[in-house]
Amino acid sequence: MNVNRRGFIKLTAAGLAASGMGALGFGHVGEALASSVRAFKLAAAKETRNTCTYCSVACGILIYSMGDRAKNAHSNIIHIEGDPDHPVNRGTLCPKGSALLDIVHAPTRLTAPRYRAAGAGEFKEVSWDFALDRIARLMKDDRDKNFIAKNKEGVTVNRWTSVGMLAASASSSETAFLTWKVARSLGMVVFDNQARV
Amino acid sequence: MTYPKGTIVRASALTRINHWLTAGCFVLLVLSGLAMFHPLLFWLSNLFGGGQWTRAVHPWIGCVLFVSYLGLIIQFWRDNLPGMGDVRWLAKINRVIVNDEEDVPEVSRFNAGQKLVFWGMAFLVPVLFFTGLTVWEVYFGAYTSIETQRVTLLIHSLCAIGAIILWMIHVYAAIWVSGSMRAMTQGYVTPGWAWRHHRLWLRRLVETNSRGPTPGANHDLGR
Amino acid sequence: MTNTWQDIKNANVVIVMGGNAAEAHPCGFKWVIEAKIENGAKLVVVDPRFTRTASVADLYAPIRPGTDIAFLSGLIRYLLEKDKIQHDYVRAFTNAGLIAKEEFGFQDGLFTGYNEETHSYDKSSWDYELDDQGFAKVDDTWQHPRCVINLLRKHVDRYTPEMVSRITGTPQDKFLQVCELLATTSEPDKALTSLFALGWTQHSIGAQNIRTMAMVQLLLGNIGVAGGGMNALRGHSNIQGLTDIGLLSNQMPGYMTLPSDKEATFNDYMKTRQFTPLRPGQISYWQNYRKFFVSFQKSIYGKAASAENNWAYDWLPKLDLPMYDIIRAFEMMNKGEINGYICQGFNPLQAFPDRGKIRRGLRKLKFLVTMDPLDTETSRFWEDFGPQNPSDAAAIQTEVFQLPTNCFAEENGSLVNSARWLQWHWKAAEPPGQARSDIWIMAGIFRRLKELYQKEGGAFSDALMNLSWNYADPASPDPEELAKEMNGRTLADITDPTTGAATLKAGQLLDSFAQLKDDGTTVSGCWIFTGCFTEKGNQMARRETTDPRDQGIAPGWAWAWPANRRILYNRASADLAGKAWNPKKPIIEWNGERWVGIDVPDMPPTAAPSAGVGPFIMNAEGLGRLFARATMAEGPFPEHYEPLESPAENVLHPKVRSNPAARVFADDRESFGAASDFPYVATTYRLTEHFHYWTKHALINAILQPEEFVEIGEELAKEKGIAQADWVKVSSKRGDVVCKAYVTKRIKPLMVDGKPTHVIGCPIHWGFTGQARKGYGANTLTPSVGDANTQTPEFKAFLVNVAKSNGPEV
Amino acid sequence: MSDLQAQDFIRISATTLTPPTARNHEQEVAKLIDVSRCIGCKACQSACMEWNNLRPEVGHFEGSYDNPMDLEPSVWTLMRFAEWENEKGDLEWLIRKDGCMHCEDPGCLKACPAPGAIVQYANGIVDFISENCIGCGYCEKGCPFNIPRVSKVDHKSYKCTLCSDRVTVGLEPACVKACPTGAIMFGSKADMTEWAGERVDELKSRGFENAGLYDPPGVGGTHVMYVLQHADKPAIYAGLPEDPHISEFVGFWKGLIKPVALAGMAFTAAAAFLHWITVGPNTVDAEDDHHAEELIRSAKEKSA
């Protein structure tokens, strides 16, 4: 809220008037109090172009975040609206796209790796190293035990069917390509994404 | 109660407290009500600490007024019952208005004017209370439809104006008939006052050797 | 989609069937409204419920879930009978005149070659009769009885309007009004666009639903034209991208397929991928398969892939089954054959059918890894959440890892939209807490595994060891590096054959997949994306908004695969002489020397119309297929088969009730309910206020649709004594859902084979995490069976019962 | 469009002084809601909540898609769904975006007793200035469309502001920008009226003979207008008033009795004062005292 200097003075003066003068019958002084409109909240916000994360219309969006990317300012996202230049949505957004702010700042956003031991009753926070080391260990042990290099007829098949993976259909194509490389280099075939639903 | 010797008790302590509580509430309601009634008077809301406080406190005072006025009704309704005497009194209103008590009929405890004020307020205050309830947004906004609230708000305004005018007449009457103010502040009147303004009332007191405020009340007339 | 989103505004008639475009793709649906306003277009909606799409439709017709093929076959019969087809288009651009083999036939419900035990077909008879040069025989006069068009006429003859109404429950007058309106687009300058989504795909006969409409569009001459096409409104923001990059059980990037056990050697593999043209002069672009394959193998294995080791052919996993789809995965899980499962941004406990079976499967896992920005139900399947997720945690031995990832606003990268546009997006903020990108996590797992194998050895790991990983920061590869890797580079100088000038130096980014070679001198991670990131820079980041004649192409915005072509098969928008069918809205036309127009021609630029190069350049015969040869599991022609759980008999062929080629696991078949116990047809669907199971985590969307409910018609509700917003229990043989009832006028009983049939609608958006009210999830009810070709689960037609309830027992 | 500051008010609540009128040539804005293009997707609700930082409670399913169920202090616009069977027996799903109509002659402003709490800018927007609001709820009585809602928490009245904060810097309101099908348009009232005409003709060509523009004269026309397929029956659109106008009670209570009341009170006071200075007090004279003692004394003797 950047109350400009002139506005600041007007407010304090009015305050005085209301209390002292008002009692003496100068009521109409109050009319001058009417302050102007709510200040425009994006006045100095940083604008970033992005694409809505939900459906395949892939509406263009403008993300407004606090600060001007100065080092000490954590660029918190404060508003998201449609990109008027985008040829498909032309600035419009559906009820989901218009509420993207609430998914970015959802209280149920995950913020730390969590691990649930076998039979345990709740999650406990762990470090990334612990989680990824443990996952790599579990995957290697299972792969070494169940990897099928050759099938019954002796044909080299190099497949690993005892660990499966589901890929996200909202992740970027770059993520998808890297995920494909890693999964297939391990021989995974139980490997699908939301296109299957 | 230490009333001066030889005086007649017009209003007991309880009555006076009750009366002035009602009067106090009424004044505050007038001030806060008028603040919300007309833009020219909105500055009155500063007496209550601004518009929000005025709107917030007005209904509560209304509740107090309603309860305290019930007290007055309980105490005075019997002596305010209208009778033929009042009609005759009213017929002589032109003499009353110019302080000429000569052939004005004798008046018991309350004259027709006072009865008009009493019954006027006895009608207006409950109506103001109940219409006020319906437009008491904070607690009762949802209980009646907006159409009803438009009507009750209009009635509330009209009754308020009526009550204010009636109140102004009542206050002036107290000033006009000297001694009346003291009657409601100190509680006593001189026998002469009683003779001049409420002769029937005086006669009944004397008959029952009562010093007031009502016949047979306490029996130390003349002490 | 074959066309673009804005191109929908050029349509004269829009049919939304098998989808609910206004609710699921509102901003795309804008262009249907634009079509109505600027073009006077008529919107037709055919749906079991009167949806919000129907609320702005000019014509609405109800239909029983799972009977779309009967409806559309009746439509084809109507078009053929009234001769409302675009003759020149059908004759020139479809295989109507090609002659099918003698042995091909169809007899009470089954095509030739059916094998009862394996529930599959020997499809050798489903093909054209070839002449001695190996080309398909053709009779352009359509006299030959075995011409495709005549076989089709005979096949659909049974679908009279009475039969259609009897099967689908759609009143005959409404059905004929739809046929009439759609038939008007057989005029050369009129176009019909078909907008569809899961309403067609999520059936045991899903793929054929879409094929039937594609045949209608071919007959009406609406493929490849402005305002026409078959437009699949894809679901997720990058579901098209992940399908393009082949993150499916048997797929490789660019729609190449992984080898099967039967293709032991690279030559065997290539033998089934010759795609030699079936008619003279055809492109049959898949002939370049080897170039794409070799370039791909060189891309992911670098020097380790060479001609000597058949381009590291053996390092690719081979499949012994057609595919390991997700239904099969949970079947294997229930049998203890799967020990670990990684869910990257996927919530199967909510998204997959037969929630009980999913939960029982997950319990048997040794470890479960979830990577998601949100707290998903799948990651907490083991926790007890009362009636919505009863669980005894102590008895579940699964190790669960819940890894936090960033969301769209916290990463750079590209997404492919439904119209095949690759669009770049920029990062606006840091992820919260310790959340990391999926790339960082996958790189972390990969590098740890590589390290373990280097230290300890173990099962075959050559592929892992030699996987190309030359990124500036191996721990967190940069999205631009990955995009360039997919685009591809040349390893040797490329000279332009005509001018001899060097077009590209060694190591430079390729401009088009035409530059790919099969001698190992070019690399490309995804051949159809080649051209998205060239030496001229990131084409996906282009923001040029000009749109010639404002016709909805916007060629300068971002980049579309293949080769920035915005409307596929656009050659078919011009007649034999190369002039546009619709002069007001041409796309490409022959100017005597080359094809010119507002879109990249889907045709060799200098191939004259007289050369007879068919517009469908990916098909061996270059023609649109009314007869699908062996590409479909259940037949070259579509046939009405009842859903696996259906209230009605198959009146056409009672002996063959449901899709004969559907794969049904034994335990799933037991869990199918009978109409006697579960008399009402149910269908699941989406609401516009929610996106699957994410937006219940977003406060505004939770406010806009707070609580789980089912939609029940007024008649059924009166029958059952259910009042508005009452609690009800909806049960199938697999489970119960307790939720509120929305008693509505928008669902009316349908007269199916003389019996009133009630439909119940179940929105899917509620679970036990997030801001919205707790819900059971509609997938508690749905059967675990999929489409014969894709294994997409049959969410849209199953059987339930409904009764009053007094709320979830807490 | 305009810089919405104090100088741009053309009407101010509870104010006897005439607002500034020098700048009398101002383009009036209007929001046109074409119900025939609306798909009821609630993008406008979502965008309104997001832009204005409003988050009402997560409610329950109450028997329709109307969520939340009603306008609230933090629900400034709301889709109202009505399943309606037309004469031909076909179902029509009439979905109307409810919210402040920004009337030319605002009932809320006329009823409001607090100076400067409700203002109307020269471009037609009617805005609540919360810091002057006293929370009395009169605006609810004044509004012919039942729009304003007084908060039970801060006792201030709230409604759609037509995004005055966006309009004042030249942007269109949030709901207008978000609307996927362009059912909500924004521009000068002249443009919107003309565009509505084209839409009505187009609807008539599609068989809606009674299509029309809803710009009720009863409140002097509104700056939020509807194009309705059935303009002859607005009530079927979830209770859109047939002929909205400011209630006669409000008119009378805010009109005539104000001066009459003040005059009445002033007259009474004056009459009393005049009586006081002419007739003067009614005092007790010696004779009265004498009669009174006489009466008491004789009564004493009788009883003694």
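Letters A, B, C and D mark the chains as written, and numbering starts fresh at 1 in each.
The criterion applied here is as follows: a residue touches a chain if its C-beta (ideal position, glycine included) is under 8 Å from a C-beta of that chain, and two chains touch if they have at least 3 such contacts.
Note that the structure is a prediction, hence the values are computed from the model and not measured.
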Target subunit C, source subunit B, minimum contact steps: 2
Chains most often in contact, by C-beta pairs: A-C
Rounded Å distance between subunit A and subunit B, as computed from the means of their C-alpha atoms: 68
For subunit A paired with subunit C, centre-to-centre distance based on mean C-alpha positions, whole Å: 27
Centroid distance [mean C-alpha coordinates] between subunit D and subunit A, Å: 39
Where subunit A touches two or more other chains, by residue: 27, 30, 80, 89, 92-99, 102
Shared-contact residues (touching 2 or more other chains) in subunit C: 26-27, 30, 688-689, 699-701, 704, 771
In subunit B, residues with contacts to at least two other chains: 39-40, 42, 50
Residues of subunit A touching subunit D in the complex: 27-28, 30-41, 79-82, 84, 89, 91-99, 101-102
Subunit C to subunit D touching residues, read off their complex: 22-23, 26-27, 29-30, 33-34, 37, 40, 50, 52-56, 58, 60, 687-689, 699-709, 724-725, 739-740, 742-746, 771-773
Subunit A residues within the subunit C interface of the complex: 46, 48-60, 63, 65, 74-77, 80, 85-90, 92-100, 102-104, 106-123, 128, 131-140, 142-144, 146-147, 149, 151, 153, 155-197
Subunit A contact footprint on subunit D (complex, rising order): 4-6, 9, 12, 15-17, 41-43, 45-47, 49-51, 115-116, 119, 127, 129, 131-132, 161, 164-166, 168-169, 174, 177-180, 182
Complex interface listing, subunit B residues touching subunit D: 35-40, 42, 45, 50-52, 54-56, 97-99, 101, 135, 137-138, 141, 146-147, 149-151, 153-154, 157-158, 161, 164-165, 168-169, 172, 175-179, 190-197, 202-203, 206-207, 209, 221-222
